[in-house]
Every structure is written in C-alpha cells, then in structure tokens.
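This is the structure, below, for whatever I ask next.
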Amino acid sequence: MISSRQQVTDMILVVKVQKDLKWSQVAEAIGLSKEWTTAACLGQMTFTKQQAAVVGELFDLSDEAVAWLQIAPYKGSLPTAVPTDPLIYRLYELVNVYGTTIKELIHEEFGDGIMSAIDFSMDIQREADPKGDRVNMVMSGKFLPYKTY
Amino acid sequence: MISSRQQVTDMILVVKVQKDLKWSQVAEAIGLSKEWTTAACLGQMTFTKQQAAVVGELFDLSDEAVAWLQIAPYKGSLPTAVPTDPLIYRLYELVNVYGTTIKELIHEEFGDGIMSAIDFSMDIQREADPKGDRVNMVMSGKFLPYKTY
Amino acid sequence: MISSRQQVTDMILVVKVQKDLKWSQVAEAIGLSKEWTTAACLGQMTFTKQQAAVVGELFDLSDEAVAWLQIAPYKGSLPTAVPTDPLIYRLYELVNVYGTTIKELIHEEFGDGIMSAIDFSMDIQREADPKGDRVNMVMSGKFLPYKTY
Amino acid sequence: MISSRQQVTDMILVVKVQKDLKWSQVAEAIGLSKEWTTAACLGQMTFTKQQAAVVGELFDLSDEAVAWLQIAPYKGSLPTAVPTDPLIYRLYELVNVYGTTIKELIHEEFGDGIMSAIDFSMDIQREADPKGDRVNMVMSGKFLPYKTY
Amino acid sequence: MISSRQQVTDMILVVKVQKDLKWSQVAEAIGLSKEWTTAACLGQMTFTKQQAAVVGELFDLSDEAVAWLQIAPYKGSLPTAVPTDPLIYRLYELVNVYGTTIKELIHEEFGDGIMSAIDFSMDIQREADPKGDRVNMVMSGKFLPYKTY
Amino acid sequence: MISSRQQVTDMILVVKVQKDLKWSQVAEAIGLSKEWTTAACLGQMTFTKQQAAVVGELFDLSDEAVAWLQIAPYKGSLPTAVPTDPLIYRLYELVNVYGTTIKELIHEEFGDGIMSAIDFSMDIQREADPKGDRVNMVMSGKFLPYKTY
Amino acid sequence: MISSRQQVTDMILVVKVQKDLKWSQVAEAIGLSKEWTTAACLGQMTFTKQQAAVVGELFDLSDEAVAWLQIAPYKGSLPTAVPTDPLIYRLYELVNVYGTTIKELIHEEFGDGIMSAIDFSMDIQREADPKGDRVNMVMSGKFLPYKTY
Amino acid sequence: MISSRQQVTDMILVVKVQKDLKWSQVAEAIGLSKEWTTAACLGQMTFTKQQAAVVGELFDLSDEAVAWLQIAPYKGSLPTAVPTDPLIYRLYELVNVYGTTIKELIHEEFGDGIMSAIDFSMDIQREADPKGDRVNMVMSGKFLPYKTY
Amino acid sequence: MISSRQQVTDMILVVKVQKDLKWSQVAEAIGLSKEWTTAACLGQMTFTKQQAAVVGELFDLSDEAVAWLQIAPYKGSLPTAVPTDPLIYRLYELVNVYGTTIKELIHEEFGDGIMSAIDFSMDIQREADPKGDRVNMVMSGKFLPYKTY
Amino acid sequence: MISSRQQVTDMILVVKVQKDLKWSQVAEAIGLSKEWTTAACLGQMTFTKQQAAVVGELFDLSDEAVAWLQIAPYKGSLPTAVPTDPLIYRLYELVNVYGTTIKELIHEEFGDGIMSAIDFSMDIQREADPKGDRVNMVMSGKFLPYKTY
C-alpha cells in the first residue's frame, strides 16, 4: 500500500537513477516544459489521467502510484524552513537580500499587489558567457492587485 | 550619532515619501540599474564614494550618513525567516515549491554546483498581457561548479 | 520624523481611543467596507491620496503621516508566527484543524489551485441566535487554477 | 496492529484514490455536511458508532480501524506551524494580514470575547463570477464573552 | 503619548511598587476576585468605564491611560513560547506532562469537546499543610462539545 | 523487541480501544486516582512491580512491556512546544494569559518561590451547571520557597 | 521612571564597572554567599528590605530601584534558548551531553523524581591543579520524589 | 544491519531492563566511574576495544554492536533544544537562571575564559539530610583562558 | 530498494566500522584529498562514475548504491540548525564569535563580496606542539566580489 | 550612561567610519594580530587596561566606555542562529556541509575529543591566484581529548 505522494516521488527518483532518464526526456514525453514536468514528478503539481499514464510507463509505476499522481498534493518540497542545500539556499538568499527590493520595484510599477505564484511559469536556460556560463532563470507571474471593497 | 546602516535606510525611505522620488530616478542619477540601486538604498549593497555623494544629495543625508553608505553592510532584508508580506512570501513559496525542481534542472544541465547569488544580476519588467499584465523577472547568475581536490 | 508605517498605526490607535471613534464611522467616511478600512488603518492596505486625506483629518495626522498611508506597507499584523491572542488564535486553530479539509473540498470542486488572498473580500456580521449570538464571517476569494506550461 | 488515528486517515486517503470516491458522497452517506465529514475522515472529528460503521464500509476498513474512528483524536492537521502548501498558506496569510482587523471588528460589535472554534460550522461553495469563479467560505461561530468574576 | 496597553501595565507595576499596594486591595476596590483583577491590571482583560476609573485613581493614571484600560487588549502575557520563569514554567510543565491525561479524562466524562478558557474562572488559595503549605488552584471552565453539522 | 516506553503506551491505547476499557476502571484496579493512573499509562509516571502487573494483565502486555512500565520514563507528552490539539491548547492559553497573574498572586501570598509540579496532585470532576456543565480541575502543589544561602 | 527589574540590573552592572566592585565584596556586605548574591544582583532572586538597602548603598541606587530589588522578578537570564556565550554554552552542553546520564543515575539512587532547582545551593571554587587550575562547582538540590495519589 | 549508535543505545537500554542491571554494576565491570560509564552506554562517549568487549558481554551485544561502541559518536542526548523531562529541565533551568551568575564568578576568579566541558569530570552522590536527602553533584572542569595572539 | 542517498551513507559508515577502513585509505584509493573524499562519502559531494566504482568496491556496495553516489545530493549534514555535537559546535561557535570579525577583515582587504564555499578547498593537519598538539585547518575559497550592474 | 558592551561596539564602528580607520591600524597600535583585535573591538574579547587605553584614544571613547572594554563580554556576534549575511552564511554553510567530515577526520587523527575554540588563533590572508584571488583562512586550535574517569 502506498500511503503518500512522497512515496511515489521516491519511486520516480530511484527509477530515474536506475534507467538514467533525464527530466527533459520526461518533459518531451508528456509534451510540456521541463520546469513544470520536473515539479510535477517531484510531487508539487497534479497530472491529468493521460499525463500520469505516460509518467507511469516511463518509471514503471503501479496503477496505485499512477492514481496518486492525479491527486492535488500537499505542496512544499523543502525539509526545513531555511534550506541547507547550497544551490537552494542561494535562491533563499536572493529572496532575503533582494526581497524588499523586488517589493519596492513591483509596487513602483504596478501599485499595491503581488506577483502570482500560481498563474506563473518559469524557464531555466544555460547562458553562454566567456567568463563562465551562467544560469538564466526567467520567471513570469500575473500581477494581482489588491482592490478596495 | 547614527549607529547602524538601518537608520540610514530609514532616512532614505522617509525622504523618498516626502519628496515623492522614484527608485528609477535614483537609478538614473547614479547611472546603474534600478534593481541594484534599490537594493543598495535599502542597505543591501555598498556604494562607492561618488555614488554615495549622489544619493546623499538626493535624500538630503548628512556626511555621517553618506559615510555609512560606503561600508559593506550586514545583509538580509527580512525581519523573519519566513516572510509575512504577501508579495515577498510568494517568492519564498516559489523557492519552497520549485526549489528541488530548479536544483534538478541546473544539475542536469551543468552538473553539481550552484547558481551564484553574488555574480548575479536581475531585471524586473512589466510584461503586457491581454489577460492581465504580468511581472517578468530575469535572474542571471554565474554557474559555480563543485570541484574535486 | 516618522520612520515606519507601524508608527502611523500606533498614532491612529491612540487617537481612536481618545476620540472614541468607531471603525464603522471611519469606513463610512471613506465610503468603503469596515473590513477593508480597518485593515488599511492597521497598516495592511494602501490608501489613495483622497482616502488618506480623510483618514488624516479624522485622526489629526501630520502631512508626513498622511504620506505614509499611501505607501504599500510591509504586511503581516501578528507579532509571533502562532498568535497568542485568544480571538486570533481561534482563527489560527481553524486553519490548523480545518486546513486539510478546506484543501480537499476546494480541489474536489475546482481541481488543483488556490483561493486568492489578494482578489479577496470579507464580511463580518452579527448573527442573531436564541442560544447566543454568533459571529458570521463570509470570505470570498477568486479561485486561481495551477496551469501546465 | 493500528497504533494511531493517522494510520486510519492514511487508509481512507488511499482507498479514496482507488475507489475514486468524493467527499460529498461520503457526506451524503452519513447524512451530514461535506465540511464536517471531510474533517472527521481526515482525523479531526469523532464519529459515532453508526457513522463509523458507514465510513468503515465505504472505505473497507477493519473493525479495529472503525473502533479508532470513535475515539476523540489529537487534533491539528498541519505538519508545520506555518503551512507550506499554497492553498493552506493563503488561509494562514488571511489570519496574519486580517487577524488584528477581525479582532477589532468583533470587539467593536460584541465587546471583549472570542468567536468559538468549537461551537462552529463552515460552508464552502462555488460562487459563479464572469471574471472567474470564486470560493465562498461562510464561517459561523458562537460569540463567547469574557466575563468578570 | 501612550502607544500600547503594555505601557499602562508598566505604569501600574511601577506604582504598585512605590505605593506598596496589594492585588487583593485592588480587587476589593473594584469588587471582583483577585484573579480577574490581577489579570486585568496585567493587560489581559478589559475594564468597564467605572472599573477603569477606580484603577486609575489607585495607580495615579492619566486620562489617556484610563482610556486604554477599556480597550480589549492583545492578550498573551509571556515573552517566549516556553516560559523561562520557574514558577510559570511549572504550569507549562503540568500542561506538557499531564496534557494528554487531562484530554483523556475530559473526553471520557464528556465526549469530544474542550474546557472553555473564556467562560472560565480561577481561584488560588493557600492550603495549610503540616508538611509545608500548598498552593491550591481551582479552575472551572464550561465544557463545550464539538457538534456535528 | 520493544525499544521505548512510547511503544508500550501505544499498545495500551490500542488495547483500550479494542477492550473498550475506561481509565476509571484501570484506576480502580490499581487503587489510585484516575488522574495519576492515566498519566502513568500514557508514559508519564513509573509503576511499581505490583501496579505494573495489574496493568499488564488488563492490557494483555508481554513481560517485556511490563518491565518497561517500571522504568522512570523521559517525560513530556506533547509533540510540539505549543500544542495544536484544541483541548490541550486551552490549557496552554491559560498559562499564557494567566501565567503572570498566577505568579503575582502566589508571590503576594507566599513570597518568592514556586508551586511544585512534583509534590502535586490533581482532581478533575464534572461540575453540574444549568447553563451547561463545567469541567472542574483542582490542582494542589506544595509551595517551595527560594531560600538565601 | 524605572519600568523593569532589568533596568536595575543594568544600573548595577554599570556602577560595578565604575566603582570596580567585586561580587565577593557585595556578598560580604550582605552576609550571604557570592553565588546567591550575584544571582540576586543579576535579577534572578528577591532581596529583603535590609539586603536591598545595603545593595542600594553600594551601587548608589535610587529609592525606586531599591524598591524593585524587593519584588520577585521574572526569572531567566539568557537572551536565547540556546546560549551563545562560550562559557554559558559549555554548561548547556553538559546538560545536553550528560542530561540523560544524570537522569539515569538519580533514578537509580532515588527512584523517580527530580533534583530541586529551588531548594538548591551552589558553590564555585578554584581547584588548584598542576596541569592547570580547574573550576569546581558543587550543586546541592533536595530530591523531590514523584508520589502516587 | 545496525545503522547508528542510537540503535546500540536502545539495545543496551532494553537488555538493562530485562537483566535488571544497574549502571554502577556496569561501571564496576569496566573499572571506571558510574558517571562516565553511563554516559558512554547512552552513546555520548567512546569505549576502547577492551571496554567495549566487557559492555558487549554484559548486554549480549553482537560483534557489530561492539564495533559501534568504539566509534566516536555524534553527541547530544536530548530530543529538543529545551528538554521536556522535568529532571533534565531543572538542569536547564539552573543554566538559565544561574548562567550569567556562574559567568560573572568564573571571570572574577580567573579572568576571561571558560570551564572546559571536555577536560571535565562529574560525581553524583546522595547527600543525607534530615529535612529530606539531597542530590549532590560535583563538576570539575579545567579553566581555559582566552589568550591574545 | 534504496530510496535516498542517506541510506548509502549509512551503509558506508557501517562497512567502514566492520572493515576498519580509514578515510585516508579511501582517499588514496580514489586519488583525491581526504577532505573531499570524506565529504563525498558522507553524502555531501558527487562522485564520477569511476570514483563511484572504486568506493563501491571498497564498501561492498550494490550497483544501485553506486548509481546513487553519482547523483548530486541534497547537501547539509547536520540534524539541527545549531549542532549539538561538541566538536561540530565549536566550529559553529567560531562562526558566531568570529563571524563579524572575518566579515570586517575580508571587506577591509577585498571590498564587498564573499569567500566562496563552492570554489573552496580545505586541509586538516596535526600541528605538533609541546603544550599539546593542535588541529590546523586551512580553508581556501575564491573571493567573489559583488558587482554593480 | 552606557548600559552594555554593544553600545561601545556601536561607538567604535561609528568613529571608525568617521575617521576612516583600518582594523590593521588598530591592531598595530595595540601590538596584536588584526584577527584578535577586530574581535575584541567588536565586543567578543576582553582588553587589558593598557590595550583599552589605546583603543579609547583611537576611537575617542569616554572613561566609562574604556572601563567596559575591560569586562569579559557576553559573546556571540550574530543576530540570528542561522546568519543571513551572505559572507557569514558561507562560513555557516561550511560547518553544515563539512561539519561531519571535519569530525571524522579529527577523530581519525586524534581519537575522540574536540578542537578548542578558546585555545585558538586564526589568520586571514589574501592568496594571489591568476584565476581570481582567494581568501586564505588558517585556524589553529588545541586538540582536547575526552578522558575517562
């Protein structure tokens, strides 16, 4: 019996190692971006029946596991509030160092409101650079204004 | 006597309200991006002597305050580890929900290492969209590989 | 010199005591709901120039204070992550006890996504009841679906 | 041997996936609201003998599991004090942003006291809206006054 | 300007030292129990206009301070979630060691529900004992049952 | 192999459900109060050899489990510093709201010192009341004075 | 106006620096051990009227400050739950590393119960040692047994 | 397979119950103090090959377990930063209440530096007392001065 | 099935005990420093295919385990934010006591920026000393300057 | 009146800005390393009378401030347990990522014990490197073995 989505994520990670699969291959197989696909495989998004079937086949998942993939999961992928992994910590540091800056600039441009983290997409690319290649992340989220009522 | 950079940041914020200045105007005055300029004004970056003089004039700062602007500050702009402000929380949520995804994709493309939060730049723009304009954030950080030794 | 919005909130609270004003009177004066008006006076929302002028007059605020009211504030009104005040704790308890229930029911009705806390309104009323009057809170937030990309 | 109510909750969630049951169907079967029924199935409420029997049949539970359903559980459904799941976090954010507002308005209407989280009911509905459907949550809790003694 | 109830509490504590007042005297003066009166003076309860006037006279408070006493305060009297003061910690320890016991026994007697901390009174007395006098605390709170809906 | 007292507590809870035992019956069987007995069964007190034998028989425990009951346990029955269960939280809230009050009143009566949580007993009873029955908790702890040396 | 015992502690520390007083001199002046005396001066114990007068004279305290010294203080001398000062951390480390050991040995000798931290005294001495002098701390606390009831 | 020292500690605790061994007997068997021996058995110290063999025989440990006893363990015996067990909490309380006192007195006697928690020994004895026996703990740690460089 | 890198680390630690291997031997076998090698074996670095094969042979690992060694791990080796183990705590204490000092001196020498923890190497050696041998740790990290943009 | 060492640290930092002093100049003036001197100026070490006089003159400190410099301070220079400043966080990250590695290697070389953080010195230098200069930190601490007793 599988008692949580986390167990399905663990299975996917194990099989990915064993079959030497790439996230981009999985993304191609279900016809979506590698960003959304990876997040979904890591238990942060919900697959449709069809997508789940493709993922199930790629990772040799049982029917029960495939069913779990179609359930909206309890989201949040980090074991601690402040992440210890250096790569993920750098993202947290950006929020900590630049958080108030981003807030000021969005308010200056749009007024009071937020950038949606739901109506959101992300694109991660290698940016060639003679002084050392760079990671280029583009985030796009709908601006949602606070309204009076 | 000014006993911390935070006090200088507070002065800048107060005068900005009173003079109705925009961050983009400050950025123009010192000839750098609005992202770096705002972060510096909010106490997260270090100004050169010349930049500090310009900022000092714009915000009517004392010589002592202008001196503080040239000292490397203790960085981190958030009062709590998990930010309560909705706009900044959304950024934290992105790290929490997408953190392991970003880690997987950077490792898939570059191998083990991180995206630098120091050799880093950011650009925030309005992205026109008929269904509601969007915030577009581009982050670019040098990839730093872990090396064996 | 006023160095934060919190100070303006403190002023409003003090004058409200002294003048024996009611939040509903303030709301009437600016022509909006008592819920939004109170949140704004407590430093959680941004006033327009006109609204700020009305509030300034009601609470005898200085021009500087009135300027602060028009700035998008750093939101979050609680001194600790788990609130100690019994009235506010009961709201936290509802999130803790019913949180997963609300999640399940929204997903069952709408699929994966969230109820917006930005495109949101609230209405608090007395509900007469022979066994003891009740507090009736109606919350309405736009459903925002997670989309694939 | 089942050593906690959580294990019964896990069983219910697994079978719900496998049998593709809806919370509203379960609610109908025991003749109560979907809100109370879901909370009870998720381990936050106590079933009577009769209700437990119905639930046991729906989810193919053992007698031991059915016995557990009749025991008052240790309540609290969230793994961390500040929830990471975006849908549940929005509820927490509402408490954080609007908590002092709700406190002020209840006190203005009723005097010092609280809204009960025990003598409480909740109703969640879809609210049709041309700009995008909304989640409508009505909460009703008895006002409990602090009394002098 | 007094900007919070805490400041009024501080004033009361200072004057109590200077005038060598006893809580029981204050309680007598307003005609209520020493338990409720002390809690109210320490900023945890709300005084009526008349009670506030009496307290104001006893502690030489200004009109502004007397006004604050009539406002429902943000409750919670401890500086940390786990109290460090040995006397108060022992109370916390009782909750920690006996908490699940009290829960079991209340449920055994009353079914699922809670003991109210609002419809509540307390009485603290010296209990003479040849082996050393004891503190006797009687707590009485209305039982509030969880109801189905 | 049983590796902790918690496992014995779990066994007791499971069998209690299956045999439909009441804590008061267990208390009667070992000839002590229901309060002490329940605390001991929940892993907070140490049984004598004789008491452990009685408990072992009632709950069908193995010899190994009976041995564990006679070992002084690592006490503390709550999974988090601030309890989430509503019934137990109300006790915590009483400590938070009334903690400084109880401290003031004990010091006023006895001088500096504490109420012992070790030389302590507790009695929980139903208190009939036409407006709704109440929980009546009597706590009695020896006063321990701080002495100079 | 002095609004807390902490302020009196601060005054004592400042004057001690200026007058170059030693804790042992203060102890001698009030005729008690240096351990109790220091703890009391640091705001952890309560002085009698006579002792307070002596301390007041030594440290040039105002009458108001002398009054504060006679009030039972809110105890706990550390700014964080885990102390950062290396000397005090070593004490915390001893509790962490040896805590379960001390528990086992006290229970082996005395049965279930605790060493009182109230009916307690402490003596700190230099212990001459050719390999480097040592700190010798003797702690003596009454054993308090848990009793059945 | 044994995957951590904790598992060996658990085995020792279980067998100690079953064989009714005393820590003082174990100490005698390996020829060291009961304080060091207990700490080592509880996973806080490292045994030599010979000592491990003796312990292995006393507690019927496998060769693998005996090997683990000779590895320097990850130390720290408490499940939470602030211990919940009343006996161990009293030690923590002593650090909290007397921590700054001990610091002042060691500095007064020795200058700036610390009492070592490594070059350290401890002795716990029953101290007979007509008013109730006492726990007597003697701690001896080398003074380590901070040096300039 | 191995479901995480931690399990592989556990296997390595167990076999290291059983085979009495030294980290320096492992380092020699793969031709890198003992510092990097140990960190990698403890789950903090990523092995190449060849290195993983060598490690697999030394520690009798399965093919699946060897595959895991080649995956970039979620880094961070400590179970709590403030480490409890005395050896590791001393390192944390150095960061706490000397952190601001190191920051000041690096900024004085290099300007605003950081010492990389990625482009980093470390060397730990015994330093003979007549007064007692010392641990000598040399850390070398690339300076990364903050740049304006 | 100066009520804490922190205030003296603040004064030093302000004057350092105003006089454009370097830590190395201060170190030279008192004839010790820049590492110890900076730590002492930042409130982490204790100055002798003579050293304090020199520092007092350099930074124009009052006699009272100079007195404070000679008192052993409450150490710990960071505002939060996990530092937010990127430069200092990298040091914390090294402890987190390499902590268990350093522990293993010290134990392999020396047996069970620790590297002293008290009998300790540190040297920070620029290390020229064609690929970008590096920070070179040498830490030297006495090994302190755990001894049996």
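Each chain gets a letter, A, B, C, D, E, F, G, H, I and J, in the order it is written, and its residues are counted from 1.
Rule of thumb we're sticking to: a residue touches a chain if its C-beta (ideal position, glycine included) is under 8 Å from a C-beta of that chain, and two chains touch if they have at least 3 such contacts.
Just so we're on the same page, UniProt names per chain: A, B, C, D, E, F, G, H, I, J = Cyanate hydratase.
Quick caveat: nothing in here was measured; it's all calculated off a predicted structure.
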Overlap of the chain A and chain I neighbour lists contains B, J
Any idea how many Å lie between the Cα centroids of chain A and chain C? 31
Whole-angstrom distance, CA centroid of chain F to CA centroid of chain I, is 46
Distance from the CA centroid of chain E to that of chain G, rounded to the nearest Å? 28
So which bits of chain H are touching at least two other chains? 35, 74-76, 78, 81-86, 93, 96-97, 100, 103, 107, 113-114, 116-118, 144
When you draw the chains as points and link the ones that touch, which shape shows up: line, ring, star, complete, or other? other
What are the touching chain pairs in this one? A-B, A-C, A-D, A-I, A-J, B-C, B-D, B-I, B-J, C-D, C-E, C-F, D-E, D-F, E-F, E-G, E-H, F-G, F-H, G-H, G-I, G-J, H-I, H-J, I-J
Contact set on chain G toward chain I in their complex: 82, 84, 86, 89, 93, 96-97
Which positions of chain D touch chain F when the two form their complex? 1-4, 64, 67-68, 71, 74-76, 78, 81, 117-118
Which stretch or stretches of chain A touch chain B in the complex? 22-24, 34-35, 38-39, 42, 44, 75-78, 81-83, 85-88, 90-110, 113-117, 120, 122, 124, 126-127, 129, 131-144
Report the residues of chain B in contact with chain C in the complex, numbered from low to high. 10-11, 13-14, 17-18, 79-80, 82-86
What residues of chain B sit close enough to touch chain I in their complex? 32-33, 35-36, 45-46, 72, 74, 100, 103, 107, 111-114, 116, 118-119, 121, 144-149
